[in-house]
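Before anything else, here's the structure in question.
Per-chain residue numbering starts at 1, and chain names A, B, C and D are given in the order in which the chains are listed.
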Amino acid sequence: MSDAGQPTLDTAAVRADFPIFDGPVNGRELVYLDSSGTSQKPRQVLDSMHAFYVEANANVHRGAYYLSDQASRRMEGARTKVARFIGATEAEEVIFTKNATEALNLIAASWGRANLQAGDAVVLTVIEHHANIVPWHMLAAERGIELRFIGIGEDGHLDLSNLDTLLDGAKLVSFTAMSNVLGTLTPVARIAEAAHAAGALVAIDACQYVPHLPTRLADLGVDFMAFSGHKMCGPTGVGVLWARREILEAMPPFLGGGGMIANVTLDGFTTAELPHKFEAGTPPIAEIVGLGAAVDYLDGLGMEAVRRHEVELTSYFLRTIKERHGDDVTVHGPSEPSERGGVFSFEYKDVHPHDLSQVLDEHGVNVRAGHHCAKPLMKELGVGATARASLYIYNNESDVDRLVEALDDASDLFSF
Amino acid sequence: MAGLEDLYKEIVIDHYRSPRNRGELETPPAQHAEGLNPLCGDEVHVYVQVEDEVITEVAIGGQGCSISQASASMMSAAIKGKSLAEVRELSTAVKSMMSIHEQSLEDDDSGVLPEPPEVELGDLEALKGVVKYPVRIKCATLGWNTLAEALQS
Amino acid sequence: MSDAGQPTLDTAAVRADFPIFDGPVNGRELVYLDSSGTSQKPRQVLDSMHAFYVEANANVHRGAYYLSDQASRRMEGARTKVARFIGATEAEEVIFTKNATEALNLIAASWGRANLQAGDAVVLTVIEHHANIVPWHMLAAERGIELRFIGIGEDGHLDLSNLDTLLDGAKLVSFTAMSNVLGTLTPVARIAEAAHAAGALVAIDACQYVPHLPTRLADLGVDFMAFSGHKMCGPTGVGVLWARREILEAMPPFLGGGGMIANVTLDGFTTAELPHKFEAGTPPIAEIVGLGAAVDYLDGLGMEAVRRHEVELTSYFLRTIKERHGDDVTVHGPSEPSERGGVFSFEYKDVHPHDLSQVLDEHGVNVRAGHHCAKPLMKELGVGATARASLYIYNNESDVDRLVEALDDASDLFSF
Amino acid sequence: MAGLEDLYKEIVIDHYRSPRNRGELETPPAQHAEGLNPLCGDEVHVYVQVEDEVITEVAIGGQGCSISQASASMMSAAIKGKSLAEVRELSTAVKSMMSIHEQSLEDDDSGVLPEPPEVELGDLEALKGVVKYPVRIKCATLGWNTLAEALQS
């Protein structure tokens, strides 16, 4: 299946690393097609957290004793791994949050409150996840900033025809690097360049990007990036905000408490150095350690190989579903596999997505149905909900086949 | 469709394919509410006209999955011409059929369930299978919750 | 050791549940005396999270398929357990955060911004953890609210002599239920009553209370309560905010994103019902499940027995250290075991706490040295730092003996 | 004290017990900085007087653990009378002894460490044992970092 002799993934070996595939789930062989929602976790990640709890569990940064030192080292070691994984030049630019949503809220609340006045414009897109819309609505309600939206054009791509107008006078452009509904890979570097030329900073929501493509910050050219650990083989409870040092240093803190201070008196406080300034309270220590192990795991596979695997499986998916179901099925998003990730929102006849998901579940095929936290995009697409199948490193052609076959059942039940 | 017969009973599919009392009523005199299940996007609009404590007219709008739309359709057929007291009993019976009991945290888990009212459920009985699919319970009760709102409005 | 025939803990059985005590740590038998920093984790908690990841891992609340339903049930089941554990009347009043620090920030940012105007007073105490000071400093800087501080009186207790004056015109009293430095149990119900009589709401930082004492919200009579999972046998990455329903319903949301909305358009959004309104983004699902298992574990021991155990061990600690070291040692905080928890900040001769902790570590005795995130209190006590030993369910008399003996070594090295 | 001899060498304890150059200098002409380790509360105040690129006077204040205070004391003895260039070399040598190399993320882990400058460390050599206790490295370098700040001020 690999092209030009480039190595792709040995999915059988990968699956063997994921205990959830060991046995039946609810009596059925599991076809997990909701990795955009959250990924499954390899043994290596679960083991790293278990090892942390039984060998090194203590609170970090504040203890002189062995366990506390071990805890701090494992946590800071993970920070360095994550920094390398995304091509950051400094580990201190990696801020751990509880999820990507907190990271995006941090940008809006801390950078936004310090830098945006009534009338200032922030540019988003209509394909954003609620996590990159609602924090800006909240700031808009508080501050009277103006939100502008890049629209959707041909074949599931963004419509950049009026980009210059939208950027005129904008202070920030914040957008997704890959749509969690359409799979669209957006032209990050191109938008970043235009935004910078117009004097705006650039933030990307990389929740669906970092887990699936090699990420080199230098090539993306952005100022902020947010993503979640749980979508990239890591545990729940940890996310990442990356931003350039100068920006982070100039920003006021977000949450206040232990660990983020240099000094506290009854009259006020001063903040600690990066990254601690933005990490108030006990961090998700074990989860950060787990994310470090996830990054090691993905590095072991090679992100180039991960991407190649997903492009190949995307081609297979698009081809197979069309061959079997023709015009009964509509897949949203770009038709060209190289321009998208393996996330497929699709409609099947007029079966409601919720019913579709239920019927597929009966076959062990797990797909999500709903608005995927992108209600403005649903409205844009003229639907209330879609069914969504999404691929990751452990999926193979057989998973796609099982989905495609199971659709017939929905047809029997509901088509009329 | 091995396994799903309990959920997608013939009569349920029939109400989904041919929804009863589809439409709108003029408000006022009718009362109206729109129910939304934010998790899956199901929508049910309920219009009811009440005269002398009796539901004389009912109309249903909205869009969503088979369970939410069929349940609303079945509800509309069941409540038309019924007194408000009868409708309240029916609603409690349907919810208790779906094992929704307003349980408080003080109850112990093994507690005996409250006895459901003795009511003739008719077609509504077909929704019994939803209990086995807990994520769908919200779909099945959306119509009834929206009706309660419409009656309060 | 138990008094009046009341059952206390079988610490040998308890220790057997905690894998970290299975073998030597850094070549030494572990005497873990930093549970106020974070607690160790029993097998039952680690197993519950492992089981979640290999049997039920999926994102919650948004999927119709089996795994997602399982994930939601386990998470919501944990919410019910936590609610019962603290005596809440409704599970929906339990909001999961990333730690107690986020919970306290949520109160300040969401309730505070909506309810406090320039000149309004918030009453704190000088013994607070930074997590209950810095968020209020931040709000004070933004809003011009006035912060007032209850001082410290006799024997490590709060000085309530001027409480009425402090409460005059106050909108909120926010204070710790148990000091993480002094061990002091504060008179929560009494302060809450006075505050309510003065028209103020009441928040408690229960980080050191909920893990150690039976918690009945009805008896405490407060309006908000914050605590962390990792200090009560639960994992890192999860904390709790509890507040009364009417208050939560009237509060604006804190973080914006997926899960906390009823609807989102390009023009605005509406919020979801409780508890989701305050839980933006993917929650720390596995961690919440782990916290549920922690609560089951503590319930199994019985919180009355936990408290009795700690009172007994506190008596033993205070007695033994005095017998051996006399006036060479000063233990801060209340002298009466029933008025305090098992947290002991102490000074030993003029050995610096940092050196003390290092010497003790050489004996496998883990105590924390520093300001314990309570710099204003350090100033109040006239010290730069203290060494702190803290007890939990797995500690026994032998742990206390080991600490007391190891102090001699510090004496040999440093006294002059 | 089995195990801690490497950390608490006799000469270190001596500097802790009898700190050298304890006091303050008038600013100006002296330059001054206060270093704080927020994690453990260690404080070191450094006063230096520089004439013709030579440190002619030095005084140390502050409070904290044995390592932070002894290290600052040893530093004060070592830098007095030295040229700024010599002091810079000394500082680099001390930090490299504690295996602090300004390593960038691009370096690979197995990379060869940069060669430390060839400098006579004298008493300072006694702090070598700190490497084995990584949490104490910040204590040992606090004085040197504060000195750098004082010189910049």
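Details
We take it that a contact is a pair of C-beta atoms (placed from the backbone, for glycine too) under 8 Å apart; a residue touches a chain by one contact, two chains touch by 3 or more.
The model shown is predicted, which means the values in this text are computed figures rather than measured ones.
Ranking every chain by how far its Cα centroid lies from the centroid of subunit A, the top place goes to D. For the interfaces A-D and A-B, the C-beta contact count is higher for A-B.
Between subunit A and subunit D, the centres computed from C-alpha atoms are 44 Å apart. One simple way to say how far apart two chains are is to compare their mean CA positions; for subunit A and subunit C this gives 32 Å. For this pair, subunit C with subunit D, the centres built from the Cα atoms lie 37 Å apart. With touch defined as above, residues shared between interfaces to two or more other chains in subunit B number as follows: 39-40, 136.
Shared interface positions of subunit A, i.e. residues touching 2 or more other chains, are given as 62-64, 68, 261, 263, 354, 358, 369-370. Of all residues in subunit D, only 36, 38-40, 104-106, 134-136 touch subunit A in the complex they form. Across the complex, subunit A is touched by residues 19-20, 22, 25-26, 30, 32, 34, 37-38, 40-41, 46, 49-50, 53-55, 57-59, 62-68, 98-102, 104-105, 108, 126, 129-131, 133-135, 137-138, 141, 147, 149, 228, 230, 235-239, 253, 255-261, 263-266, 268-269, 280-287, 354, 357-358, 360-361, 366-370, 372-373, 375-376, 379 of subunit C. Taken together, the subunit C residues at the contact with subunit B in this complex read 61-64, 68-69, 72-73, 80, 83-84, 88-91, 261-263, 272. Listed in rising order, the residues of subunit B touching subunit A in the complex are 1-4, 7-8, 13, 16-17, 39-43, 63-67, 133, 136, 139. Taken in their complex, subunit C has these residues touching subunit D: 352-355, 358-359, 362, 369-371, 378, 384-385, 409, 412-414, 416.
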